[in-house]
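Structures incoming, each one as structure tokens.
Presented sequentially are two complexes of subunit A, the first with subunit B as partner and the second with subunit C.
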Partner chain A sequence: MTFKYENVYINDTSTITGPYERKGPLSTYFDKSYDDFYFGMKTWEQAEEKLITESVDLLLYKLARTRFDVDLHIGGDLLNQIVASNYAASTLGIPFFGIYSACATSVEGLILASNMIESKQIKNCICTASSHNNAAEKQFRYPVEYGGPKPKTDTFTTTGAASAYLSYNKRGIKVESATVGTVTDYGIKDAFHMGAVMAPAAASTLYDHLKDTKREADYYDLILTGDLGIYGRKIFKDYMKTEYGISLKNYDDTACMIFAEDNKEAYAGGSGPACAPLVTYSYIFDKMKKGELNRVLLIATGALMSPTMVNQKLSIPSIAHLISLEVTE
Partner chain B sequence: MEKNKYQNLVKKYTPKENVLGNGVTAFIIGGFMGMLGEFLIQFYSYVFSIPTKEASTIMTVTLIFAGCLLTCLGFFDKWVTSAKCGLIVPITGFAHAMQSAALEYKKEGFVTGIGANMFKLAGSVIIYGVCSAYFFGLCRLIVMGG
Partner chain C sequence: MTFKYENVYINDTSTITGPYERKGPLSTYFDKSYDDFYFGMKTWEQAEEKLITESVDLLLYKLARTRFDVDLHIGGDLLNQIVASNYAASTLGIPFFGIYSACATSVEGLILASNMIESKQIKNCICTASSHNNAAEKQFRYPVEYGGPKPKTDTFTTTGAASAYLSYNKRGIKVESATVGTVTDYGIKDAFHMGAVMAPAAASTLYDHLKDTKREADYYDLILTGDLGIYGRKIFKDYMKTEYGISLKNYDDTACMIFAEDNKEAYAGGSGPACAPLVTYSYIFDKMKKGELNRVLLIATGALMSPTMVNQKLSIPSIAHLISLEVTE
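Moving on, here comes the complex of A and B:
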């Protein structure tokens, strides 16, 4: 399912990160980075909530607007009952839709907002996506201070929140089209190899998009996947070639960009709902505004993993949503 | 693409874990842990003039304390990761598993947090440790008569 948009623009964005992203290669592009994991709060969950409210406030400050000027807030995160977003929404007091697609949440939010703006149901919308490394580890994996060895294919959840302000005012980056992904399951049960879980979802969404829009892959200056990681990126490229006969040249993965690739602490790269928007809203948008990139395709990939279902020996389904971004001026 | 075919593709790009290297690391570090334990037993039995059986209990307590303290100080997890299973299999690993879970849930209260979650990782070790001790004890009774 592909939507075309004529009047939707991402006017501005804000990005706030934790300490590991600060040490990464893109640190200078983020609006703000913290040195610790608590940001003055008592728990990691509350810290993530603070990241979201702070990133929205920072965004509104950049736009010289108040919370009352915003029609809608769409947001999601990784935690159970998307608590970080729900609690942030209760502080912000903007009409709110909470969404969950694991690490594809950011683009799902952008698509929903774009549809409503295009149909003039709303004038503007703030989309947020966030993740917190320690809060996610605690919920999905082992205690944070537990040091059991992990395989090389494991990914490292990013800590951060990214917000985007969308409206029909012709300013910033144009949202040109979007493709909604289908949930795919290729029988991968390894919760430490999310790249392998998500690669077919990303590939099928990309293929659907190219088919619907009758475009070639090189129509885009850059095709970005969300968080496939070092090994998932290779699987994705090979899969695109063998399954669809499409070879990708102008392709990268945000998981491999947010941390240095030789950073052993990050294993195969970053992950989490914040990974793709943190890189896109800062580094990629900066390049687009400078004119180095004109057409960018962002495919946010989400592994719909639940520890309960993994323990029941079921394979992990995944989804990928895609959005096409353009510079118009 | 069929699932089997895809799984082969995944296998092609999945890096091999260095099983031999990890094993050797764990063997050497685990061996040193054993040496440290033996040293502590000898040390306690010499200093306090007690039999080695009692000294070995104090040695166990010492290693558990060290494992817990270093976990709380925040760097034992990095040691455990680099030592592979060299620090997990000995008693320090058990202490580390319990302490890290307790730390994680301390903000959710004594009963609903620490009490309910402290055995999250270590619980299995206790259950199957007790069961297998019982089973092997029974085998010994049958074969050797006690």
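Moving on, here comes the complex of A and C:
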């Protein structure tokens, strides 16, 4: 399912991160980074909630607007009951839609917002996505303090919140089109290799997009997957070549960009709903505004992993949603 | 945020339930009911997944369509990572958006679908919502087998899946307008009194709707809240009167309709994302088709309760989304 837009723009964005992202190569591109994991709050869940509300307030400050000027807020995160987003929405007080598609959440939000702006059902929307390393590790695997060893294919959940303000004012980055993903399941049960789980979903959505828009992959200056990591990135490229006969040249993965590639603590790279938008809204948008990139295709990838279903020995499904971003000025 | 629609219709629906709903007063209105909680599957989570796929297949059968004829599937449930919906979406293979707003999920889905149909961005959409008593109890409170006593204000999660097929074909029930809710938090911490948690959210969204549409409450033949239960229903009515000066006459709550009122096992009534659509898509739509009701306002109420946040002694936020349904033939 591919949507085409004429009148949707991401006018501005905000990015706030935790300490590991601050130590990474994109540090100077983020609006703000914290040195610890609590940000003055008592628990990690409340810390994540604070990241979201702070990123929205920062975004509104940049736009010289208030919460009362915003028609709609769409957001989600990794926590059970998307609790960080719900509590943040309670503080923000903007009409709210909660969404969940794991690390594909950011682009699901952008698509839903773009559809409503294109049709003028709303004037503007704020989309949020966030994750918190310690809160996510505790929930999906083990408390970080256990110090359990992990295989090198594992990724490291980013800590951060990324917000985008969309409207039909022709300012900023244009949302040109989008393709909604289908849930895929290739039978993979390894909860420490999300790159392998998500690569086929990314490939399937990219293939659908190129078919629906009758474009070649090199139409885009850059194709960016969300958080496949070092090994998933290779699987995805190989799979595109062998399954669909498509060679990707201008391609990278945000998981491999947010931390230094030789950072052993980050294993195969970053992950979490915050990973793709943190990199895109800061470093990539900066390159677009400077004219170094004009057409960027962002494929956010989500492993729909549930500890309950992994314990039931079921395989892990995944989904990928994509959005085409353009500089028009 | 209120949306107005001219060209959106719920063409058909399907409802499948578990054993308690089968014993209830609306039994004959459901398409199908099971006698046990497993439905031939090995676990409750997989049982809930089966309910969803079966309800979609039944809906497509009624419409003489296949999965390939459907543009979009929007769905959600109560389980962590909305796992029942994700696994069902994997089986169904329709482009999918996952959503979460607890027991307000059904109406969140209907609103998102209606917006895209009204603007002709999609031709049709299937919206699903589900819950499973045992799977939910285990996750949110204690395994049912523990037999822990509960206060009478507690509600009983319904077991069922409800699906709706929406398109711009003028057949069935018209979706006339909708209002998106804002997350509210009145400081209530009692995880066994969701009616009290959700009543202010329902009141706030209803008030916004009446203000935006310049309507009186008696414009509707019936105003229906989702799952406030016996005590929440009274709180909501009192609150509408004292806070907004609005007396509700033609009002009821689906939580109080799905089980017999004297059913001690169900405590204050039904709950779960399935409760509101199970009652609406069966019994209420039947009354609408017979001409006994013409204008119905459905306010789905969601307690955004998280065991993690309850353990952190935080209060429970809630949200309510509403949709106006009309007979036009």
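Assume the second predicted complex is superposed on the first by the 329 of 329 C-alpha atoms of A that agree within 3 Å, B and C clash if a C-alpha of one lies under 4 Å from a C-alpha of the other, contacts with A are read in each partner's own complex, and residues count from 1 in each chain.
Rule of thumb we're sticking to: a residue touches a chain if its C-beta (ideal position, glycine included) is under 8 Å from a C-beta of that chain, and two chains touch if they have at least 3 such contacts.
Note that the structure is predicted; figures quoted are calculated from it, not measured.
Asker: For A:Ala260, is the partner it touches subunit B (first), subunit C (second), both, or none of the two (neither)?
Answerer: neither
Asker: Could you say whether A:Ala89 touches subunit B, subunit C, both of them, or neither, answering first, second, both or neither?
Answerer: A:Ala89: touches subunit C, not subunit B.
Asker: Tell me the contact category for A:Ile246 with respect to subunit B and subunit C: first, second, both or neither.
Answerer: It touches nothing on subunit B or subunit C.
Asker: Contacts for A:Val310 in the overlay, against subunit B (first) and subunit C (second): which applies, first, second, both or neither?
Answerer: neither
Asker: Subunit B or subunit C: which reaches more residues on subunit A?
Answerer: In the superposed model, C touches more residues of subunit A.
Asker: I'd like to know which partner A:Thr43 touches here: subunit B for first, subunit C for second, both or neither.
Answerer: both
Asker: Go through subunit A and flag every residue that touches subunit B in one model and subunit C in the other.
Answerer: 42-43
Asker: Applying the document's contact rule, which stretches of subunit C touch subunit A when the two form their complex?
Answerer: Checking each residue of subunit C against subunit A gives 1, 3, 42-43, 45-46, 71-72, 76, 79-83, 86-87, 89-90, 93-102, 108, 111-112, 115-116, 118-119, 121-122, 180-185, 304-309, 312, 314, 317, 319.
Asker: State the interface residues of subunit B toward subunit A in the complex, per the touch definition above.
Answerer: Of all residues in subunit B, those touching subunit A are 1, 3, 6-7, 9-10, 12-15, 17, 22, 71-72, 74, 76-81, 84-85, 88, 96-97, 99-101, 103-104, 107, 120-121.
Asker: Can you name the residues of subunit A that touch subunit B in the complex?
Answerer: The contact residues of subunit A facing subunit B are 42-43, 138, 142-153, 186-188, 193, 196, 200, 231, 234-235, 238-239, 242-243.
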